[in-house]
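Following are the structures in question.
In what follows, chain A forms one complex with chain B and a second complex with chain C.
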Partner chain A sequence: MAQPAAPRDAPPSVPAGRLGGRVGHVTFWVTMWALALVGLLYLLLPTLIIVVASFTAGEYITFPPQGLSLRWFARLMALEEVRVSAWRSLIVATAATAVAVVLGVAAAFPLVRGRFAGREALNAFLMSPLILPSLVYGLAALMFVSAIGLPLSVPVLVLSHVAIIVPYVIRTTAASLALLDPHLEEAARSLGANAWKTFLRVILPNLLPGIATGAAFAFISSFDNLTVSLFLAGPRVETLPIRLFAMINFDFDPAAAAISAVLVLITFAVVLLAHWAVGLTRVIRL
Partner chain B sequence: MTPSPTNARHDLRLVDVSRRYGPVTAVDRVSLDVAPGEFVTLLGPSGCGKTTLLKCIAGFLPPSEGQVVLRDEVMNDVLPHLRNIGIVFQHYALFPHMTVADNVAFGLRMRKRARTAIAGRVQEMLRLVRLPGFADRYPHQLSGGQQQRVALARVLAVEPVLLLLDEPFGALDKKLRVEMQLEVKQLVALLGMTTIFVTHDQEEAMRMSDRVAIMHAGRIVQCAAPEVIYDRPCDLFVADFIGSSNLFDGRIRGTSAGRLRVEVAGVLLEVPSHASVRPAGEDVVVMVRPENLALSETWPSDRPAWAGVVSLALHTGPVMEYEVVVGETWRLRVSRPRMQVESARVWAKGDRVAVTVVDLEAVRVFHADIAGATSVRAL
Partner chain C sequence: MDRPLEPRDQSLSTSGARARRAVWSRQLRLWQLVLPATLFLVVYFVVPLGMLFYFSVRAPGVSGVTLVHFRKLLTDTFFLQTLGLSVRLSLEVTAVALVLGFPLAYLYTRLGPVWRLAILFVTLLPLLTSAVVRSFAWIVILGKHGLINTVFIGTGLTDGPVKLLFTLDGVRIALAQVQLPFMLLPLINAMEQLDPSLEQAAVSLGASQARAFFKVTVPLSAPGVVAGAILSFALTISAFITPVMVGGGSFNVMPTLIYQSAIVTLDWSTASTTALILLVVALAVVWGGMTLGRRFRYGPGSV
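For the complex of A and B:
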């Protein structure tokens, strides 16, 4: 750090020291802000480009768009397979999230409060779908399902999504639970609440922010999952990401950009919903 | 609360309660009887087992051995929520998502009381803890002292058989802590509530309790009224743990008519013999409280005295604390109130003084060979 030179044998004068401190302070904040803005642009720009491109009036995806219109959104609405797959994706994501919340909240309890050998190992195992390549999981799940002779269907798809999204719920719920004063449980017990009432009346309400955040992540991960769905969706159980993938592959027109815009919109909506549900600070604190 | 209608002799009995964690014995064969309305404190350094014992009483930990008996009923296998024991925690453990009124009503709702009865009881409890008008606040909107009062109201609302206070004043600043101590003491006395209080703060324990149980290494070493604990500690650990004391190496020079003649730093003191008669020549440890030593300029004619030099003089407000060096190695701690009818003199470093024992009856003698002797300072 550039500090005004002071003779070695004499202590630096007070104003010089203060100036040095000020320079360090300013450079720190300028650096942090600059990096944050670069990161933000890097994340946002590609998304922004595809969303803007979807409003083109032309026949091809171009940037900048040639004229502005909603024609590709209108065309999207007219495509029945798009409507059907979008609806299916919503149903799958909702159902998978519901199951994941129940399983994830339950799993978080022994992971945080339990005292047993192998707790850390179990924790790592339950997080593994986040680490394991989802392509590998998709293949494994497909082999498993065909081995036990289940036909590919919406419920099978839902269950396969549950496996990959449940870690989000476990993670955020466990974080909330770890922050919760264990004495709350003891207080409730001593006041006459049995284990179930303690959970429903005291613990669960205090975990809601964590659960809602995890559920939002889980929903989004299911809603735009492609890799696992590719294996388990089957020919007649197409989801929106699969449809989008097919459109990009076969007829790369601005309707694909329009679907992307819709996906972005729904993702944002879910995040905003989570913010609204639990309050901005809770989501950020995660 | 009126005294128990069943006329139980004890609200709580602990019979040889032990609790082990693997090879570690946290609570070691503790027995304790608590009479209805009594205020008993478990006092000890951290790690002495007092919190573990409290959890055993509350039912959060099953004892490894022994019995927890509540009003003549063995509680070992009764789940915590069926014991009717109220607990106030150090950090209050108020339910953050509930209003003050809902917190206080919680125990009553769990007991399925009528809605109108609950509302009335909540108002009554909030008046009792001097927080009427706070019903609709949330815990985070209250100060520490107010949260503490809500925690009390919440517990007292269900009229527990036994009240457990787990270091409830630890999070409060000193002035507020003393206020809350008095308030809780009065409230508990008013309701005749049988109370077990856990703390590591001896002043707090002395101030509040009917009896203090001193715990050390999982055992109750002495259980008695505060003044007994202070004046007649049963062993060196208690003597050293409670208050401050001068612990001197001494030697018995003779016994006569229930009195011991003990030589301490070249001075012969005749003190009461309160334990088994000891043979002459035995090494002992002699305890003299700092306030039981007096300083004077002139040599007293009627009693033995040490000649010393004041080496430290500290103002603590009401009391002056001195360190007096006697001979080569002896350091005596002396505390004198600054306001006295006679000899209100304040001494300064370097003053030559005669040190005398105010009351020889309050001097205690301990065997030097017991385990607690390791805590004796080298003199």
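For the complex of A and C:
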């Protein structure tokens, strides 16, 4: 057993009676469980409620819902702007994720395997978009784009999303790479595989779960991004989060709940993918 | 790591110089791989931030660098009130997240794999859910005919609806939920490093469970608390969507000021200056927290 550290601090003047100790024990665990269950419920409640509320048969979104129906999902299909903006968001997120995967996977190798001065600093630099408030980045990107005279368009939006999602791919790929046994590569090389073959047949398959998790997180943060898009999407490049934001705040359209339920479903799929690929207990250490 | 490989590549040659050159060229190739991402971020991340800085220190009719925008904002009562509110709100939200997050993280380390998975799932789902969707859910929960008021009136706790939506309290409630996952993950990571037998030892030596918890587990989790608190504070003070949607414009925080200056009044200098002040405050807290964290790690709490 490890060296007991606490009794050093404990003044000897607190005699815990046998009964008092038992009561204290129960009180302690009851308090812990009560707070933890409040925490769990608190975390889960909003997601649960918006999904259930989206099935309401009523004229506006309430909880509990007034009867159940799929009418707001049906209305969703009829809304032209929703379809257009959802399609645009899908294109932006897919393109941004693809670029981020290429840039991020390549960058992860030198960051893990390289031996050069300033590696840590470079790593910190490449992670910095995670720390900067995305609203501040949105403002800065808007100033940049207008200064060089680019019109607000889908490619501009894609590039700005790449900047904020590339750290996810670098992080998960680097974490997988750090766990990869270098002997595997040595074995492949010594058995005659060249560098490319080693990369494609040995390294890449082993990194795939990490890359997939990073790509999934990157995709969902681009697809759900509102703050950067608010600055960079002119009126003609509206994305789904912007449409949703407007529907909730200005149009009071109950179909917003149906969109929300679909977005929750997509997030659910991303979490499942991450669990299937690397396991949630490892995801949280990435 | 890749060093032992090289001599084998040069299987026909035993020359050390050639092997060294091979190592060197390999490092060069590795170097090149990081270039695209770095260059991209320099152009699309560093240069824009440079422009933000540029706009905050330039003014029409003034040549060179000027601090006139900073002086104007930092002597403005409304601005200072907003800054104060942002800081206070972030501290309160961080405190709530800590009180609810700590017991959950503690139980996580003491429960079986099924519970652990459930806790992680419930943590990661809201973390990855769109902020617009989460804020919308809180509008449904906090509204006049929302869940809370239905429960309150139904149980006779209050006679009429309680106003929560479009108030600071409503935003506090919603933001604490948004930040809870960011508090939980560092806490879980820190507490998993602890040896549960430390607490058992304290109990078997006569400390009550609560005493063992507060005297052993809490001090040893300090690095996780600091990491979670830094993250939660920095994210709350820069949160935009939840204050706008749940607050409904009933008050301003720093991010809403930035958005208004940039998009509504088109005053880029004020927007940039506000953004930089926000960054400085957030970075000061991160830096202060990290300094505090280092003290904890090597201080009297460490074993």
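Methods note: the second predicted complex is superposed on the first by the 229 of 286 C-alpha atoms of A that agree within 3 Å, B and C clash if a C-alpha of one lies under 4 Å from a C-alpha of the other, contacts with A are read in each partner's own complex, and residues count from 1 in each chain.
Everything that follows uses one rule, which is that a contact is a pair of C-beta atoms (placed from the backbone, for glycine too) under 8 Å apart; a residue touches a chain by one contact, two chains touch by 3 or more.
Keep in mind that what you see is a predicted model, and the values were worked out from it rather than measured.
In the superposed pair of complexes, A:244 makes contact with chain C only, with no contact to chain B.
In the superposed model, more residues of chain A are touched by C than by the other of chain B and chain C. In the superposed model, A:122 lies in contact with chain C only, and not with chain B.
When the two complexes are overlaid on their common chain A, residue A:186 makes contact with chain B and with chain C alike. In the superposition on chain A, A:109 makes contact with chain C only, while chain B stays out of contact range. Of the two partner chains, chain C is the only one touched by A:136; chain B is not. Of the two partner chains placed by the overlay, neither chain B nor chain C lies in contact with A:219. Of the two partner chains placed by superposition, A:55 touches none, neither chain B nor chain C. In the superposition on chain A, contact is made by A:202 with chain B only, not with chain C.
Residue overlap on chain A between the chain B contacts of one complex and the chain C contacts of the other covers 186, 189-190.
By the touch criterion given at the top, residues 58-60, 79-87, 89, 91, 93-97, 106-107, 110-111, 154-155, 158 of chain B touch chain A in their complex. Contacts from chain A toward chain C in the complex involve residues 1-7, 9-10, 14, 16, 21, 24-25, 27-29, 31-33, 35-36, 38-40, 42-47, 49-50, 53, 61-64, 102-104, 106-107, 109-111, 113-116, 122, 125-126, 128-129, 131-137, 139-144, 147, 159-160, 162-163, 166, 170, 182, 185-186, 189-190, 217, 220, 224, 226-227, 230-231, 241, 244-245, 248-249, 256-257, 260, 263-264, 267-268, 270-271, 274-275, 280-281, 283-285.
Residue ranges on chain A touching chain B, taken from their complex, read 181, 183-184, 186-194, 197-198, 201-202, 205-206. Residues of chain C touching chain A in their complex: 1-2, 4-5, 8-9, 27, 30-31, 33-34, 36-38, 40-41, 44-45, 47-49, 51-52, 55, 99-104, 106-107, 116-117, 119-126, 128-134, 136-141, 145-147, 150, 176-177, 180-181, 185, 188-189, 195, 197-202, 205-213, 215-216, 234, 238, 240-241, 244-245, 255, 258-259, 262-263, 268, 271-272, 275, 278-279, 282, 286, 303.
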